[in-house]
Structure formats: C-alpha cells, structure tokens
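Two complexes follow with subunit A in common, the first pairing it with subunit B and the second with subunit C.
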Partner chain A sequence: MYEYDRFDQRLVEERAAQFGDQVRRRIDGRLTEEEFKPLRLQNGLYMQLHAYMMRIAIPYGLLSARQVRRLAHVARAYDRGYVHFTTRQNVQLNWPALEDVPRILEELAEVQMHAIQTSGNCIRNITSDPYAGVAHDEIEDPRPYAEILRQWSTFHPEFAFLPRKFKFAVTGAREDRAAIAVHDVGIRVVQDDDGEVGFAFYVGGGQGRTPVIAPCIAEFVPKHDLVSFSEAVLRVYNRLGRRDNKFKARIKILVKQTGADEFARLVREEHAEIADGPLKLTDEDIARFERFFRPPPYEVLSNGDTKVGAALLSKDRAFARWVGHNVVEHRVPGYAIVNLSLKSADLPPGDVTADQLDAVADVAERFSFGRVVVTHRQNLVLTDVRESELRALFRELAEIGFATPNVGKLTDVVCCPGLDYCNLANARSIPVAQDLTARFADLSRLFELGDLQLNISGCINACGHHHVGHIGILGIDKQGIEHYQLMLGGSSADEASLGKILGRALTADEIGTAVERVVLAYLGLRASESEPFLETYRRLGPKPFKEAVYDAHQA
Partner chain B sequence: MTHWIVTANRLSDGSVAYLGADRGWTSRLEEARRWPEREDADASLAWARHQEHVICDPYVFEVTLEDGRPVPRSARERIRAEGPRPTLERLGLAGLTSHETARALTG
Partner chain C sequence: MTLIRRDEAGARVVPDDPWTALEDEAAAPAEGDVTVSLARFERELDDLRARPGRTGVRVPGDADPDAIGPLLAEAPLVTVDFPKFTDGRGYSVARVLRERHGFAGELRAVGHVLRDQLFYMARCGFDTFELTEGKDVDDALAAFEDFSLSYQPAADGTAPIWRRRAAEAG
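Then we have the complex of A and B:
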C-alpha cells in the first residue's frame, strides 16, 4: 500500500489548516457563501437537503485497517455513527457540522486520508479493479499506475478548472471490473504480441444525462507514456471542451462532436510535443511505485490445502452458499478473495455503522493482512484470506451482517442516496432498494435468478449507475410526484451496453411489482437455467418484458 | 390555494430553515411565514440573502394549504420538511411530526 512521504503528509496537513482558516472566515462573515462555496467544494464539502455532506477520497478503493478504524471514530465523534460508501469507491459523511470539518480533515490527515478533489471540475478519485493485485486474470497490478496518476493529478495547476469533472478508472485484468467504458478515461493494461505491457485508452465514456460507451482512442500506449498521454488527453479536453453549457461540458460530448478518430489525432499531436519531456516515466519511477504494492507475505500452500471445493460441498448450507456466491478465486494457491456484502434489509446500500467499521478493521487484520477494498458496487473486499480460514471468517462476518450471500445477485443493489439526502435528486432511491430487497429476500428464489445487477439512481446524474444495470431504475419528478423509469439491458462489464427505457414511467407503488414482472418474464423466457438475464434480454429484446410489465399493469 | 415560503439551510450544520413570521429562522414548516403573492415572498427573499451569517442559499418554494397546514408541492420540499427516511428509521424517529423530526435531527 502506498505510504505518504513527508511531502504528501505536509500537503494534507497544510490543506486541513488552510480549510480551517477558510471555515473561520466564513463563520465570522469575512467570506460570503459565494466566495466560500468553491473553497468548500474543493474540500469535498457539499450542501445537501438536510445537512452538509463530506466526501472523502479512497484512492483506488484501498484502505488500511487503521484508516477504517479512523473512519469509525470520525463517524462517531462528528457524525451520526455511520458512513456511506459510494459508487466511485469513496466514502461520505452525511451530517458533519461546518465547524467540525477542519478537525475531521486533521484526523484524516493523521492516517493519510483527505478530501482533496472529491468535488469540483477537476480530476477526481482514480478508481480501479477491487481485485487489483490478486485477480487470477490480471496482466499487471494496476495500483502502481493508479497511484502515479493520483500524484500527477493532485493539485495539477493546469487541470484545476476543467470544463467539468473528470473521472479515471484503471484496470489490469482481462475482465473489466472497474467499469472503464463509462469513465471519462478508462485505462486497461494490455500486452502486445511481443509480451510488452502497455495501456489501451478508452476516452469519452460516461453516464449522466448523456450516457456514452467510451471508444478506444489508443490501443497500445507504452507504459512509460502513461502520464504524458494522460496529460495530452486532458490538454485537448481543457482547450476544446465546452464551457458555455454545463450539460455539454464533459469530454464525452467533445469526443462525440469531434469524432473519436479526430480526437485521437489531436491527442497524438499533443502527445508528440510532450512525450519525451519530464512526464516520461522511467523504469526506476515505475519500480518505485511497484514496491509499495508488493504482495504480502503469503505462505506457500500446496494445492492440497485448497478448501473452496470442500466448502462448496459442505453440509453447512449457509457457509456453502456464502462461499459459492461471495468468495472468488485468488491468484495464489490456498488463498481466496472474499466479498463483504453491504446489502441487507437492515441498512441502505453502502451504509456501514461505526461498530461495523471497527469489526471490519478487526477481521481485516486477523484474516487479510490488514487491507480492505471498497468496490464500485458499494461492497467491501478482503483480498487475501487463507481458504482454510474461510469458515471462521464467515462466522464473524455473519455476526456483523456482512455475510449475505448475494454478491452479483438482484439484492446486491447499487443505489445512490437519492432524494432522502441529495440536493440534485428528483426521487428517493433508497426506499425502492429496500422494497426490492424485501421482495427478493428468499435466497432460493434469488439464486434461481443467477447474476442480475440492479442499479437505482434518484436523478439523471446517474450516481447509482442505472444506465449500466442489467435492470436500471431512474427516479424522476412528474408534477411533484416521484416516478421511476425502468430500463433494461445495461452492463458496465466487457461488451458494455446502455440500458433502454422500457416504457412509461411508473409510480413508487408500481415500480417494485414491475421489477418482479420483469424477473418472472425472464424465468419464463430464458433458453436454459444457465442463461443469465442479460443474455436473455439481448437475445429477445425489450418486447416480451414490456408486455409483461405494462400489459399486466393495464389489466 | 398556493402560498410561498422562504427557505434555506443553516450555515452551522446545513439543517433546513424556514423564514418565520418574526423574520427569525425556524426548523418547523408550520411556523414558516406564508405569502399568498410570489412578489411578496421575493421581497423577503431579497432580505434573506443578507442573512448569510446564519443561513446559505435561500430560495422560495410553493405550498398548498390543507386544513390550514402548508403542504409543499414538490417531493423535494416534502422530504426536506420530513427528514430523510433511512435516518429517521435508523434513529427510531419514523412517524414523528415534522416539528419533532426537525428537533431530533437538529439536536
């Protein structure tokens, strides 16, 4: 894990002190709200419906147990005893008082955390594959590169006031678990025919008002050019991106209007000017960052130690189900990747109490080298668990409510805070998630449905990533009444696709039943029990699902 | 019948505030001053914009009166008045009146 040097540490401490001064000046009237607003936003502090909201960065989703404990302490001391993990691997406090925020930043700085660039028209938190470093299908660990990009983009003077916000995602695996196709820049580690490792750049993807699957503008960028090529992309965007219309200011609009080929040419032209300058990475640069992400001291375990197969056959059905759905193959024999489901009937998706955070830190230290990863599907991951300890871990996770065996299933709902909290939302999303979680609580029924991702957003800004849910729900406001658009067929994985609206918007009373009808239709339409929902939808299109939802409603 | 109310968020903690009858700020929607004419509400909004030592970003919203009580036309303002459902349930406050909710949420 990356460890701050004295420059990093000083930077976050000075930032906390600087914001403390700004808060004092706002409270005593020396700063107006108009003057203060951009300053608070640069420190991740938003004004929401009922309170301030503070967004804290978690670079590529990676946390130490010490950081998790500090989040628990902050939640208790300064908030209402819980935090919310977001779809960009960040964490949010929903109730901080303004005068406490500088102290929160100081407490975070002590454990090498901050809220820098978690808001505003700048480069935001760099996200990555939650299985980075341990995935069996990985070409190279993407985290050293994500960290290089984090350092390059932090306080980059040229990119502090971009036309709009800007989001990077990086993956090193063959399977995309980082949703790179729907980011402003998605970077995939690739290998050419000679075995040389580089990066494919996907630029101009995104969700929100205008969802776009990013085109690939460069199939192979040498690894030494990672920063200079990123700089070239940002320079072209900064120069040509629209600043006259907020809704057309994201890079996806520029790439669409310019054309991907012409945009790529402009980037190559810019890159030619800077490729051999100071941004070129040396082998020593890369090696220095790689050292921070060296594997933990794994024990050498023979294949005979493998317990996953046995666990799946265990007479303890609850344990076997959990292993089957929440545990993933690790690249090191004898170890496993364990997903902690934050999706239960008890709390909104992504919410974790301070007590649960402390418990997670504890199990991370005892079972997984003290590391925890936040996923963009609002779950947590312990990346390095000995298979022989899975049963003991399962029992402990069950006690804190994180062992629901539903990862990747319908009740593993991705959901933004919606109109219960958010100043931008048009409709509530959490009650819809909770209703659907209750409807599909029966595990046998849930497992029968196979992999089925449900994403809910409370407005067109799409923080719940509804465009890429196999089933997506978008909250809208119709004359003061919350309504929901149902869309089907989205995916953020390989062969990414955008969901299509099924029909007229539904009321809060109708949406849960509509999803049930979609699911029932799928069970009747699938070619075999092994055909996932997405394949059935892609094979048949929306018509039979539309009939199932709307004809039934009319009847 | 439509009325207009001036609202904002408090500077100290971001909690919901309504401009009251005495030009003070209240957490209770029922205590908010209601103007039958938008122009009159806008005049008070102009005054509220100078209250930045207490509140942030004031604006005007629309209510109807039901049994003499103000009911916001928009879902957004109804939820602002009632508080967020997940937190209310977590804190055991669901089912309280908006006044009781506001008191609990603003400590």
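Then we have the complex of A and C:
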C-alpha cells in the first residue's frame, strides 16, 4: 500500500496546523461563518442536525491495521465509540467537538491519514474497486493511478473552488465494482488492439436530484496522459460549469447542456495545449507508484489447499453459507477474498464500534497481511485470506458480528444517515433499513431471492444511492409527513441503469410491506431460479410489480 | 483596501498603489498609470497606448483567457476579479494567461480576496492582491507560508511531486 515519505508527512502535518489556525480565527471572530464554511468543508467538517460531522478520507478505501486501530482510538477519545463507513469508501465521526478537530487531525496525521477534500466544492476522495489488485478479471491494478490522481488533486490551487463537488472513481477490472457510470469522472483501464494500456473516460454521471449515466467522452486516453487529461476536464468545468444555481452546477449538467460530443471536443482542445507539459507521466513515474502496490508475499499453494469447494459441501451449514455468499474468487490459487458484512440487525448500515474496529485490525493482521478495504456498499473486505484459514476466520468474524452471510443480498442495505442525523434529510432511512432487515432475517428466504440490492436515501441528495439500487427507496416530505418513493430497476454495475418510480409515494407503515410484495411478485415471475431480480424486472418492466404493490393496497 | 505584493523577496504591504481605476465613461487623465475595463481596452487600444502613462486591464472572472491572452500579453498589469471568494474561475484565467500566453506583467487578484485563498492564488500566478476591506493584514501576510511544498505543477514552476522524488532518489 502507499506509504508516506517526508513530503507527504509534512503536508498532512502542515494541514493540521493550518486548520488549527483557521479554527482559532473562527472562534475569535476573524473568520465569519460564511468565510469559514468552505474551509471546514474542505476539511470534511459538516454542520449536522445535532453536531458537527467529520469525514475522514480513505483513498480508494484501503486501510492498514494500524490505521483501523487509530480510528478506533479516535472514536473512543473524541466521539461516542463508533464510526460510520460511507458509500465513497470514507469514514465519518458523528459527534466530534469543533475544538477537538485539530487534535484529531494530528492523531490521524501520525498514521498517514487526513480529512483533506472530503467535502466542499473540490476534487473529493478518489474511489476504486474494492477488489483492486486481487480481482481475477483485472487488466491492471487501478490503485497506482488512483494514488497519482490523489496526489495531483490534493490542494490543487486551481480547482479548490469549483462550481460544485467533484468525484472520481477508477477501475481496472472488466466488471465495474466502482460505479464509474455515476461519478463526475469515471475512469476505466482499457487495452487497445495492440495490448497498449490506457483509460476510457466517462464524464458527467451522477446521482442526486438529477441522476445521469455518464457518457464516454474518450475511449482511449494513453496512460501517460492520465493526469493532463483529467486537468483538461477540470479546467473546462471550472471555467464553464454553471455557478448561478447550485442545483445545476455539477458537471453532469454542463455535459448535458453542452452536448457530450461538444464537451469532448472542448476537453480535447484544452488537452492538446497541456498534454506535453509537466503533467505527462513517464513509464518511470508510473513504475514508482506501482511499486507501492506490489502483491504481498503469497505462498505457493497447491490445488490441494483449495478448501472453498470443500466448504460448500461441509456439514457446517453456517460456514458453507458464509463461504457461498461472502467469499469471492481470488486471482491467486489457494487464496480468497472475504467480505465482512457490516449489515446486521444490531447497528445501522455502515456503523462499526471501536471494539469491532480493533477486532478487525487484529484479524486483518493474522489472516490478510494487515490490510482492510472499505467498499462503496459500506462493507469491509479482507483481500488476501488463505482458503485453508477460512474456517478459523469465519469463527472469529462471527464473534465480531461481521459474518452475516448476506453480501449482495437484500439485507446488505446501502443507507444514508437520514433524518435521525442529517439536516438535509426529509425522512428517516435507518428505521426503514432495520425494518426490512428484520423482515428478511430468515436466511433461507433471503438466499432464495439471490442478488438483490436495496438502497435507501432520506432525501433527493441520494447519499444512499437509491437511483442505482435494484430496489431503491427515497424518503420525501409530503405535507409534513414522511413518505417513501419506491423505485425499481437501478444498477451501478456494468450496463448501469437508473431506477424508475413505481407509483405513488408510500407511508412509513406501507413501505416495508410494499417491498415484500415486490419480492414475492419476483419469485412468482422469474423465468427460472437463476434469473436475478434485475433481469426479471428488465424483462417484464414495472407493470406486474406495480399491480402487486398497489392493487393489493387498494384491495 | 490593502494591497499586498508577494514575490521572491517575500510578502509585504505596498503602501502606494500607482494605479488609478478609470471608469468606462471617464476621460483618461493627461498622465499617470490607469486601469481600464477589458471592453475599453479593446476599443481604445491605440489611444491608450499613445498616452504617456501605462495602461492596465481589468478582466472579469468569467473571461475566456485564450480569447484575451494574445491581446494582454504585453500589458503591464492585469487585474482578475473574484466576485465571491467561492467563485474559482479566476484561478484558471490566471494560469492560462501566465502559462500559455506568456503574460509576464503584474497579475492582481481583486474583488472578494481573503486570507485563506492567497496561497492558491499565488500558485496560479497572481503576484499582487487587493485584500478585502477590514481583514487582518498580518494574517494575510502569513498565508503564503501555509504549506512548504505542493504536489502539482501550476504557474509557479513547481515540478510534480513524483518528479521531485525521482530527482532526489537520483
């Protein structure tokens, strides 16, 4: 994983000092709240319903065990003993005091962490495929490129006051696990006919109140031009993006209003001016970053060590289920990728206690070379587990509470904090998630449903990614009463699509039953047991589901 | 308003600003250095050049730097307006003028210019700053020292951090 040198270390320390000074000037009045707001946001500090919320960056979701332990310490010392993992692979503290924040930043800087640009109208944390480096379908590991972009975008002097926030996602695999189609810029590693590696750029995707699937504006950008091409996109956006209306300020609106072809032409024109400047990467530059992401010292394991098949046949049904649903094929024989489900009946989706964090750090060290990855579906991953140790790991994860065998299933809910915490929200989202988790607690029932993603947002800002859930739920306010729109058919994976609203908004009492009816209808409608929900919906459209939900209600 | 200059010699207050802003309708004085709007500069280019004093140009933040770059290349002063400190277009205008069009005169940030944006402005090529009225000047003078290094190239000639690491490693 990337390790700071003295430059990186100095920068995060100077940032902690700078923010400490800004907080002092805010408290003594030299900075007004209006002047302070963008500064604190660019340091991840939001004013929430009850308190400040602080968002800490996890570049491309990758953490060391030491960093996980520091997060546990920070959660205990400065917060209420838990943290919240977000859909952008970051982590949040829900209750820090403003005057403690500079000290928290210092503590984070000691373990090479920071809160730089986790909010505000600037380039945010660069996200990636949680299986980066170990996926069997990878062309190249995207993390060296994500790290290059992180460094380029950190304190970029030209792009600190963009029209609106700006999110990059990078994937190196054939299957998209980074949701690149719904980012401001989604970058996919591609190979041309000669085997040359480059990038496809998808620009202007997004969720929020105007969901858009990003068009591809360049099918092959040579890899040496990764940074200069990104700078060209940003410069065109910074100059031409709308600033008159916050709701029309994202790059997706500029791309739509300009037209994807014309926008692409503007970017190419700008890029031609800067392509051969100092941002051009050399092979040596790239190799330097790649060195940080070399594979860990895997043992050469014979096929006889492969225990996954055996596990599935095991009489230990709980273990077999867990392997079947939470363990994924690794590119190295004898190793496995293990998903830790943060979705149980005990805590809101994405929440983890300090004790659990310490326990995760411990198992990461003993089972997976001391590394943990955060996913955009708010789970954690141990990327390098020996198959022969899966059973031992399973027992330990079960004790921590992270072995629920539901990854990719209906109860693996993505959910924003909602009205319980957030001052933007129109409705609560966590209780809806908990209600549905309880309704589908029966595992055999859950497994029968196959892959089914349920995403819940408490308002149109879509932090819970409701547009791209196979089943999406959006909280709205209808004459002062919480209501929920139900939408079906979204997906952020390959052939991404946006969910469509099924019918009239439902009350808090109705929404759980409505989801159950959708699911029951699916079981009756699917062509075979192997047809997943999304395919059935795409094949039949909304009509039968609409009848199942609404006709039954009226009856 | 306090004028701050920042160059190799460091950051300091400029006590006497030689430039007088000339409104579009006002007649140009017989002598002295004036600034005019971009529109007037384009319109009265020859007359302004014939005057004994120097002419600086006031550019709005939403200007297209590629369109005006050639025209401004020889100007002794260009001011770029920040209508609000959160409006970041002026940073791109500055970089493109400096890096692409070889603008070598004084580049001044005007409008809503606050302490916590000065570091970025300087990196984008601004060398003078009209600090917004009522703001602490000592705070502002310290702003250029917020960071002792930067990762990415800009108008200040900084090399990308990865290139500097390679140079160190030999």
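Going forward, the second predicted complex is superposed on the first by the 552 of 555 C-alpha atoms of A that agree within 3 Å, B and C clash if a C-alpha of one lies under 4 Å from a C-alpha of the other, contacts with A are read in each partner's own complex, and residues count from 1 in each chain.
Keep in mind that, in the parts below, a contact is a pair of C-beta atoms (placed from the backbone, for glycine too) under 8 Å apart; a residue touches a chain by one contact, two chains touch by 3 or more.
Remember, it's a predicted structure, so these values are computed and weren't measured experimentally.
Of the two partner chains, neither subunit B nor subunit C is touched by A:447. Once chain A of one complex is fitted onto chain A of the other, the partner contacts of A:550 are absent, as it touches neither subunit B nor subunit C. When the shared chain is aligned, no partner comes close enough to touch A:4: not subunit B, not subunit C. Applying the stated contact rule after C-alpha superposition, one finds that A:155 touches subunit C and leaves subunit B untouched. Judged by the touch definition given at the top, the superposed model places A:78 against neither subunit B nor subunit C. Within subunit A, not a single residue is touched by subunit B in the first complex and by subunit C in the second.
Against subunit B, the residues of subunit A that register as touching in their complex are 26-27, 29, 32-33, 47-52, 80, 82, 94-95, 97-99, 347-348, 351, 419-421, 425-428, 430-431, 477, 480-482. Contact residues of subunit B toward subunit A in the complex are 9, 11-16, 52-53, 56-57, 73-76, 79-80, 83-87, 90-91, 105. For subunit A in complex with subunit C, the residues that touch the partner chain are 5, 7, 10-11, 14-15, 18, 22, 25, 30-31, 35, 38-39, 121, 148, 151-162, 227, 235, 238-239, 243, 273, 277-279, 281, 284-285, 288-289.
On subunit C, the positions that touch subunit A within their shared complex are 62, 64, 85-89, 91-93, 95-96, 99-100, 114, 116-117, 119-121, 123-124, 136, 139, 146-154, 159-166.
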